[in-house]
């Protein structure tokens, strides 16, 4: 028994220290772009929390590359009034507690001027309050659900901004365009059981009510469903004019295939979940109508420059996640310049609020009073493997 | 000194999660020690989390009372479940408790008050580190002392041979139920602590993958004594943070380490402390868990 | 009359394993229970020790009706048993095995043990029992599963004795024992009976049964076909033909 | 209604193929192989690699995937299970070692093919569609239903009639006795893992063809279903697993048509819970749940 006591005591103390001794010996280093040393002013550090592992790892590498490209461009053009930008990227592992740890590291150890991310809304629900309490500006770059900016569940969230077009703005535009062009009277919504899908469901229902379209049925699938034929067969029985997919890209692809097979000629309306490059290779992608925050076809100079620079650096096509993280970094840099003192967080916040029609790949970019993104919504469909405006 | 303080504030959440994982591992260890393979403790954690968070939000219940109510709610649910699955053992019990966990998750998804799939957000972060580590110390100490008591020996007997245990005067039903319900109580308490740590909870936090994760902590840590689950939880919760520099290859190394540990120390990390006894156990092929 | 059964019957599907058995065991005596394999001996004692519930008939122990009582309550009443094929707790220490045997007798010690120093279980009685059945005190820390087969059997008897029973049921304790070991078992049984214990012995070793038992009951196909002193049983033609007879013919 | 029946048949076949492999390993070796979903996914990626990098036609790629997964099954046994058997470790450790293998293999695939889902090159997979009235029956799905029924009959034949089958059943009943009776236990175990993983891999390929998409996490949803299927059908019984699969497939589609949406998911687990309580051995299971 005595041996057990000593073993118990020693391991218990080590249990407290293991995270400590573990942490310090190999402090997590970001893969920040090597800022050119010897800059007269100290570097300005920006934190990016993004899912490189876990369920949402498919947002990367685009989400990281978009921001890295912007930092490189800004530094080459003289940085922030001479000071260089340094981007520190941490993997939030698609998990709430790791997202919180990444945010705490940016704030406590890296002493960043601002933070971008995290990728998933469910992680943001835990990470954003940490930044809000410490008074550090955050720009959400891929959270499109409810309760991220403006009226947040965790109380005041005035330090939180959003560069990723919220579903509340994108979906109504899409529904309006689809209803008018297709003369919709009755639709059926197929939705998943995650936070994103359920937010979308609420927004779609309100949008259709506003446009006088009846939602004949709401059919729920779960993350464990493998085959979507039964759902579309069930929807078909209601004789809708169109099917609405309140889902992420994977299930949406299967819904597109089933609708093409079982309900030829009917379109599939979707939210931001459908806005993924992977769907473009789906043979039935042409059926979808989706409100996106970014149109590859937009001819704004800021967008064409972005696409060519991205292809030059990463020799692959950028997607919406890259465009949004790139835009967020441009908006942040612009605000840092205008703030006069990048380390004064309140000044940076005020400068961010004053962002007005900044040219970005997403178009003329401003923040609303609620710190949400104000930008045109591009209602798109797909043709020959590319997103094209929905006429 | 400053950097240590900074370090501590950065990893406060990670250190807290380690403590909560250790509590959860103890809750599963207790049931495993009595020979019951359960995958239901994640659901009990969920019940504890939601009950304590909702009490705090809607009835302004003081934090300790909310935690206690959450733990008791989990224990109250565990009683009927324990009685119904009493006859099942081994893999059958695992799958039954797993099914129960999924049913709890579906109920959470369906009841509006819990915020359904969108989760319960804006939970005040009342949990502090000392809450967690005091609870862990108390629970670990009590279980360690109980292990050497008549109750502890009765549980060990159940693990070895239920029929022979009955003939020694052990009320098999009552003792199995006790380990199951106390396990649920601890898991519920840990759930309450966890809910008030990360501002938000949603049903997917308490699903199948969480149940398996908790089981891994207890089994990889080792069943022989209370130290096993704690060591298992600490090592495999700290691992993602420690392996962070490995970036994209982090998960691979985590898998390799898990494989290495379970293959070389199948009865758990803690058995490394007493290799002689483990060798003997292997020779006897003692019936550990089903 | 310590133990009495009346019309005890147990059926498994179509098979009647125990068929209307009436049994009477006087206190402080040793009853032998013999019969060919499958005669229902083990089923009978499973009924008596509460591991099985009878389809018909009643069991009375020390004046109380225990027909429906579960095994763990019977242990508290003073019925202890060993198992055919030895069911010690292999992964636990020899000492723990005996302490578990004393489960019904030991005071609940969870609360006292919460204080770091108090609540230590006194192993004295358990160690004494080990010696009485012929196991060295030094083996107390060893794992039960490590012991040789004969020692495991002795440990099982020590575990049964730990609850200070009034009735001890031994299910083929001498299986695999050499003559000297079974002689030692016989003297152990005799000393236990003189201390006030009542024993039911199931055994194939006829010499041990005839030597150790005061009375012998013979079962065949679940029925009691004979009940008398060892001498009577050896001369009884019905028994000889059903059981001993088959041996002569072999 | 015919169409929903057909959908249920298809889903039931996919569950059956997946659960068969899972049930085989459990019935013979009492192991819950948590790496089985990985073989399901691996089959799809092996076919994808064969078709894109090597340019083989889809049916050759399917057969190749069958053997690649079979080989993976044997390697899995050598790495994750054999060492534990040698040290008579508790069954639980095998569950965790297979989980570790899953973590590693899924991440390796993600590093090579990314986390997002990918599609087969256009036209690589045939998609002939038969229209009967307004009902739509797709060729590839019919092929899957037929092929899975053929495989199930084949497997039942192997287990019932062949020498290998007898060895497996002996191993399932009592490994020690089997070894004494001269059963080449190691060969039988390797055969078990080959067949189990090959079947799992093939199920993965077929589902990937049916939906023309594959991703690193496609196997996970099937794992929970497989538990339900095995318990309902009877733990350790292969025909039981097949029947359980079709019951679950029908049940899910029926609950979609008749039950309110929230209760649909509860149906599968309610059924599972009920079976475990009322009849833990399931429909055809011979293994008593509470082995005394």
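Each chain gets a letter, A, B, C and D, in the order it is written, and its residues are counted from 1.
Going forward, a residue touches a chain if its C-beta (ideal position, glycine included) is under 8 Å from a C-beta of that chain, and two chains touch if they have at least 3 such contacts.
Just so we're clear, the structure is a prediction, and the values are computed from it rather than from any experiment.
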{"item": "Between A-D and A-B, the pair with more C-beta contacts", "value": "A-B"}
{"item": "Subunit C and subunit D: spacing of chain centres that average the CA atoms, whole Å", "value": "49"}
{"item": "Rounded Å distance between subunit A and subunit B, as computed from the means of their C-alpha atoms", "value": "33"}
{"item": "Centre-of-Cα separation between subunit D and subunit A, whole angstrom", "value": "35"}
{"item": "Centre distance in Å when subunit A and subunit C are each reduced to the mean of their C-alpha atoms", "value": "72"}
{"item": "Residue list for subunit B, restricted to those that touch at least two other chains", "value": "109, 148, 163, 248, 251, 288"}
{"item": "Where subunit C touches two or more other chains at once, by residue number", "value": "none"}
{"item": "Contacts with 2+ other chains: residues of subunit D", "value": "107, 224, 262, 265"}
{"item": "Interchain contacts, given as pairs of chains that touch", "value": "A-B, A-D, B-C, B-D"}
{"item": "Contact set on subunit D toward subunit A in their complex", "value": "3-4, 7-8, 10-11, 14, 107, 110, 114-119, 122, 129, 136, 138, 207, 210-213, 215, 217, 221-222, 224-225, 252-253, 256-257, 261-262, 264-265"}
{"item": "Residue ranges of subunit A in contact with subunit D within the complex", "value": "53, 55-58, 60, 193, 218-220, 222-227, 229-231, 233-234, 249-250, 253-254, 257, 261-262, 276, 278, 281-283"}
{"item": "In the complex with subunit A, residue positions of subunit B that touch it", "value": "6-15, 17-18, 22, 109, 116-119, 121-123, 125, 133, 137, 140, 144, 148, 197-200, 202, 204-205, 225-227, 230-231, 234-235, 238, 240-242, 244-245, 247-248, 250-251, 273"}
{"item": "Touching residues (chain side subunit C, partner subunit B) in the complex", "value": "49-51, 70-73, 75-76, 80-81, 83, 87-92, 96, 99-101, 103-104, 106, 108-110, 113-114, 116, 119, 121, 143, 145-146, 159, 163"}
{"item": "List of subunit B residues in touch with subunit D within their complex", "value": "37, 84-85, 87-92, 94-96, 98-100, 102-103, 106-107, 109-110, 162-163, 208, 212, 215-216, 219-220, 248-249, 251-252, 254-256, 258-259, 262-263, 266-267, 282, 285, 288-290"}
